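We just call them A, B, C and D in the order they show up, numbering each chain from 1.
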Amino acid sequence: MNNYGTLFRISTFGESHGPAIGVVIDGCPAGLVIDEVFIQAELDRRKPGQSKITTQRKEDDTFKILSGVFEGKSTGTPICIVIENQDQRSKDYSHIQNTYRPSHADFTYDAKYGFRDYRGGGRSSARETAARVAAGAIAKLLLKTVGVEIQAFVSQVGELKAAHYTQLDLSKTEDNIVRCPDASTAEKMIALIDQVRLDRDTIGGVVTGVIKNTPVGLGEPVFDKLHAELGKAMLSINAVKGFEYGSGFEGVTLRGSQHNDEFYTEAGKIKTRTNHSGGVQGGISNGEDIYFNVAFKPVATIMQDQPSVDKDGNETTVSGKGRHDPCVVPRAVPIVEAMAALVLADFYLRTRSSRL
Amino acid sequence: MNNYGTLFRISTFGESHGPAIGVVIDGCPAGLVIDEVFIQAELDRRKPGQSKITTQRKEDDTFKILSGVFEGKSTGTPICIVIENQDQRSKDYSHIQNTYRPSHADFTYDAKYGFRDYRGGGRSSARETAARVAAGAIAKLLLKTVGVEIQAFVSQVGELKAAHYTQLDLSKTEDNIVRCPDASTAEKMIALIDQVRLDRDTIGGVVTGVIKNTPVGLGEPVFDKLHAELGKAMLSINAVKGFEYGSGFEGVTLRGSQHNDEFYTEAGKIKTRTNHSGGVQGGISNGEDIYFNVAFKPVATIMQDQPSVDKDGNETTVSGKGRHDPCVVPRAVPIVEAMAALVLADFYLRTRSSRL
Amino acid sequence: MNNYGTLFRISTFGESHGPAIGVVIDGCPAGLVIDEVFIQAELDRRKPGQSKITTQRKEDDTFKILSGVFEGKSTGTPICIVIENQDQRSKDYSHIQNTYRPSHADFTYDAKYGFRDYRGGGRSSARETAARVAAGAIAKLLLKTVGVEIQAFVSQVGELKAAHYTQLDLSKTEDNIVRCPDASTAEKMIALIDQVRLDRDTIGGVVTGVIKNTPVGLGEPVFDKLHAELGKAMLSINAVKGFEYGSGFEGVTLRGSQHNDEFYTEAGKIKTRTNHSGGVQGGISNGEDIYFNVAFKPVATIMQDQPSVDKDGNETTVSGKGRHDPCVVPRAVPIVEAMAALVLADFYLRTRSSRL
Amino acid sequence: MNNYGTLFRISTFGESHGPAIGVVIDGCPAGLVIDEVFIQAELDRRKPGQSKITTQRKEDDTFKILSGVFEGKSTGTPICIVIENQDQRSKDYSHIQNTYRPSHADFTYDAKYGFRDYRGGGRSSARETAARVAAGAIAKLLLKTVGVEIQAFVSQVGELKAAHYTQLDLSKTEDNIVRCPDASTAEKMIALIDQVRLDRDTIGGVVTGVIKNTPVGLGEPVFDKLHAELGKAMLSINAVKGFEYGSGFEGVTLRGSQHNDEFYTEAGKIKTRTNHSGGVQGGISNGEDIYFNVAFKPVATIMQDQPSVDKDGNETTVSGKGRHDPCVVPRAVPIVEAMAALVLADFYLRTRSSRL
């Protein structure tokens, strides 16, 4: 449920307006240098209020490590990271105590559990993803020791699409507030999101993830294929509606003779000339770039009145209140990276037992 | 690795050209009537040689239950189902012993494990999915006891797309060999696949799954969201490149005000007027139809010569041999249904502990 | 590693002298009234400094719930409980930074992880069990809703043995500081422990656990037999060397005709006349009392000089310092109860999927 | 439930009188030479009818590998081993269809699952342990590659006890039919078991396990301590009532100053002068011998009439029929070894991710 991973394992906890959220990371190998500045930087990429196109809600998202780190290094014991909730305007949410916001988790949580912590969405709030980003930062530190690089960027907002990642300089992702390294498209995206905000509405988008320098051999067939776990990890992020890797949905229109990735040898290494496989063959990494797209729906909270029902099924109206993101994808970039890192870190450890 | 599920759990085993493939199902509740005719019918929907547009390879795919069933009912102990391999033309495959077929798992298996059972793809062969279908049949039987219905159909082959599922009569899916309930599109699909076959090539497609009558409350946030597990399950099927549910990738272009599903009450039940959510909100089923698309790439085995490398990295040519599917989606329909059933059966049991 | 349970799952974290220890409980059903006074009372039974025969170290062991509880009830989301460490006399332990204390985990932690948090034993300190007691308290609250009662008591210290539990009034366990309901033996135990303390030594003992009113049907053959999980749970407690249930090691001398528990019917319920089975048959509870013994070795920390080696293998002397328990069993009583509760709570939820 | 292990994982299946029993081993590293002669030899040590002091029931226990082995070596994919049931005298058991044998699992299986496969005990039969022995043989082969040696022997039958293992030559274990390397005690044990058999009764015993050359560092605190998993594994074997390791229950009478194992250095290796720790400190192996005792109750099936109840709670008599073991420990020796091997193999793989 609230845990993910086989060897590099995380358990997250916390509600939007409870005392704190956090994560316990179990299975991080001992001896890893835990760079707290880096963890904070990752959290800052996700935190609200970072630009005019994100929610203006304020959360510092400063974290505290309660365990598992000694003299700056992981000890092999569980690392607990806690982030206190600061901006707890509970009264903002009292109006939804008995009302189901459209396309939120209010109804289903009540149906499943009998009641819910309704304050700010409680556990179903995207605030929970801060814990993932903190854990993902540690996974990234682990992966860096073997050269794996994980980068994500906004590749689509509404109908506006960036160029294919192979034609972009991903180091420019952080150069603009929408996190799209395609500068001219980025400008249009920002304008669109700003317009959507003025319309008191929201809009969806796509985040593309790229993983470079993955060692050959990661992934555990047949159910825990590398891309299957990546897909699950991405789909577990709030608001995600779809996942594709390599040629994805477009690939279905190709013929096998077009789609197959021809092998060749370069400098003693076996490589492929094309990469429709997206770096994964038979569920196992082949050393090429792993790339994938993650579709995010428009945020359900809009600043408009919407018809709905209350707990007893009576008709009512939900009014848009609070401070929310007109488009979730700029802040989703570090979350996508974090989940990718958690998947890869786990497979990196799991593959250590593939052979004698 | 080769197991799936938390409470309704399967472990599959077997290689394409070993003595047998099979599955152990652990956690099936006691007292379920095990309808062997139904299991065989499901296997027959997947088996090769069933029509002119599938591989002409012959496998009877008759199964044997070794345990866990007594006097026609599940006993609560593990159910082992074995399917013997009959058509083991091992010599067909000796030519690939030291050669890596493009976009197959030959290279990655060797890289991960040091060597591989190269006969017919070994463990990476889609033959493995027969075990999933057998297990899925039992999951379907369990779900039927609470009214859940799972149906899949071919919704796209190459560029040819069927109408949206809400405009189709899914009971007509089995009326044609491509398993598309949109009769006129089905005809074109069959013609296209036939042409591709004559071209000694392959083509991709999309299978759409629809789950009706899901009880409200299935799914386990935050990582094991219903759609996240569905996604993983689908992505673990051979040749799958993408998964989307509800509004999916197209939904990213909508605004929140268009995308949100308005609640209303009908006959005392809370329902939604639209269903962009795809029956899942916050990772938990809301009682509406769950629907999703699964993208299958064109099959990697083509009847053409392709340049490649051998184990030592030397250039070589892979020649197309054997009997393979020009398009995998007609036979993938029961596999998609089986995986969906395994996901739902597991959540159905897991949700029993949601409340006191 | 640091997690336990299948459906009622805990993940503990924290080192003896880090900022805090704690636990995340995932899978607690929604709607359980979380009695914080009870949780604190359980922690107080375990805490140091509670009597003259325990360590005089002071820890308040006050806890804070960070998540998963709303309006006094569990919400079905993870419950994180944190206990801050207060008495962090780190300097007490600097002398063991490079030295291996006999029969402690110093050497093995270094060997496994490359280094260790040596302050107070770090993760290997029995301080970690406070988190178990907090989680166990919630498990007890869950079990109370179905009438299960868990009681443990000290049944042996050194050679001093209490009467069999069936001859004791377990409600008197808390009447004395050694937690033995056999008053006259308790007195001798206290005197013995006091003598051992004066001798700057330690001594072992046995804790007996008794579980009443267990529903029939708990336990999951073949590996997760009820008593097998109980055994693992008990053996995972610091200093435990053995576990037996029912007739235990003494039962091996009996003949089958003596050992078998004859069935009979009383008030429509099937019962057994004797209970050598210890309430478990074939790994499944039969409704009779579950009872078991847990052997605790003498605490390794003694107030004496002991020869040892340092990290580099050089001979050295370890001097006894600090404030430690001369006998661990009085404080182990609530820990044994907590672990038993965690085992039973998990099986209680797991058994919900045994049947259709 | 019917699976054990984290990385080296087994799933067993099968009933006493169904078509077959077996096991799927998932996670065995690729490249291990699978010595089928050795596997059969291990099965033969467990099989019935091997001597005058075991049941005279005949089962060949010949096995078949269905998957996961290619050209004599493990491929890294699941290894399925099947053993067909041959001696299926179902009629022998019809008399217990509606009757509960004392101290068997008949009542609890019915209570848990609603009905049971009553033939020969079904899933609760010790026949299930043959699958464990087959899997354990492969675990032993894996452990042999790093020098680990696992040996068990009968150390007690009734009141008759062998000398401590350190005073015995364990290579003589197989020299007699009771599998006790203490020749004079073995003779008395055999005589005792023979007498018990003539009395149409049964008797209990103890099996001692010894593991030599365990690498330092195996075991995963805090819940999956090496001895905790060993304990669970042993307690999951049919008829086991207790487990102790190192000083065990006797150790509770010692003082810390007697019990502590002093470290010293020999040939550059850190060792302990005594081994009350039983080779495990803080849940992690320290390189010394791991030794433990496993208590087996007298077999419940006796050749005598016993009062009992039927399904409806009516009084009835159970008559002893069939062919059963007067004492289970001689045949339990390979089972104890197998379970120990499964535990160690799993930890051996898990420890590969302890460090960077």
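In this section, a contact is a pair of C-beta atoms (placed from the backbone, for glycine too) under 8 Å apart; a residue touches a chain by one contact, two chains touch by 3 or more.
Since the model is a prediction, treat every value here as computed from it, not as a measurement.
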{"item": "Of B-C and C-D, whichever chain pair has more C-beta contact pairs", "value": "C-D"}
{"item": "Rotation in the CA alignment of chain A with chain C, degrees, nearest 5", "value": "180"}
{"item": "Label of the chain whose CA centroid is most distant from the centroid of chain A", "value": "D"}
{"item": "Distance between the centres, which are taken as Cα means, of chain D and chain B, whole angstrom", "value": "39"}
{"item": "Separation of chain B from chain C, taking each centre as the mean of its C-alpha atoms, in whole Å", "value": "46"}
{"item": "Rounded Å distance between chain C and chain D, as computed from the means of their C-alpha atoms", "value": "26"}
{"item": "Interface hub residues of chain D, defined as touching at least two other chains", "value": "1-3, 12, 27, 30-31, 76-77, 112-114, 123, 221, 354-355"}
{"item": "Touching residues on chain B, where the partner in the complex is chain C", "value": "6-8, 27, 29-32, 76-77, 142, 145, 221, 349-350, 352-356"}
{"item": "For the chain C and chain D complex, residues of the former touching the latter", "value": "1-4, 12, 100, 102-105, 107-109, 111-114, 123-124, 128, 156-159, 196, 199, 201-206, 216-217, 219-225, 227-229, 231-233, 235-236, 241-249, 251-265, 268-270, 272, 276-278, 281-286, 293, 295-302, 304, 306-309, 313-315, 351, 354-355"}
{"item": "Chain B contact footprint on chain D (complex, rising order)", "value": "1-3, 9, 11-15, 18-22, 24, 26-27, 30-31, 64-68, 70-71, 73, 75-80, 82, 112-117, 122-123"}
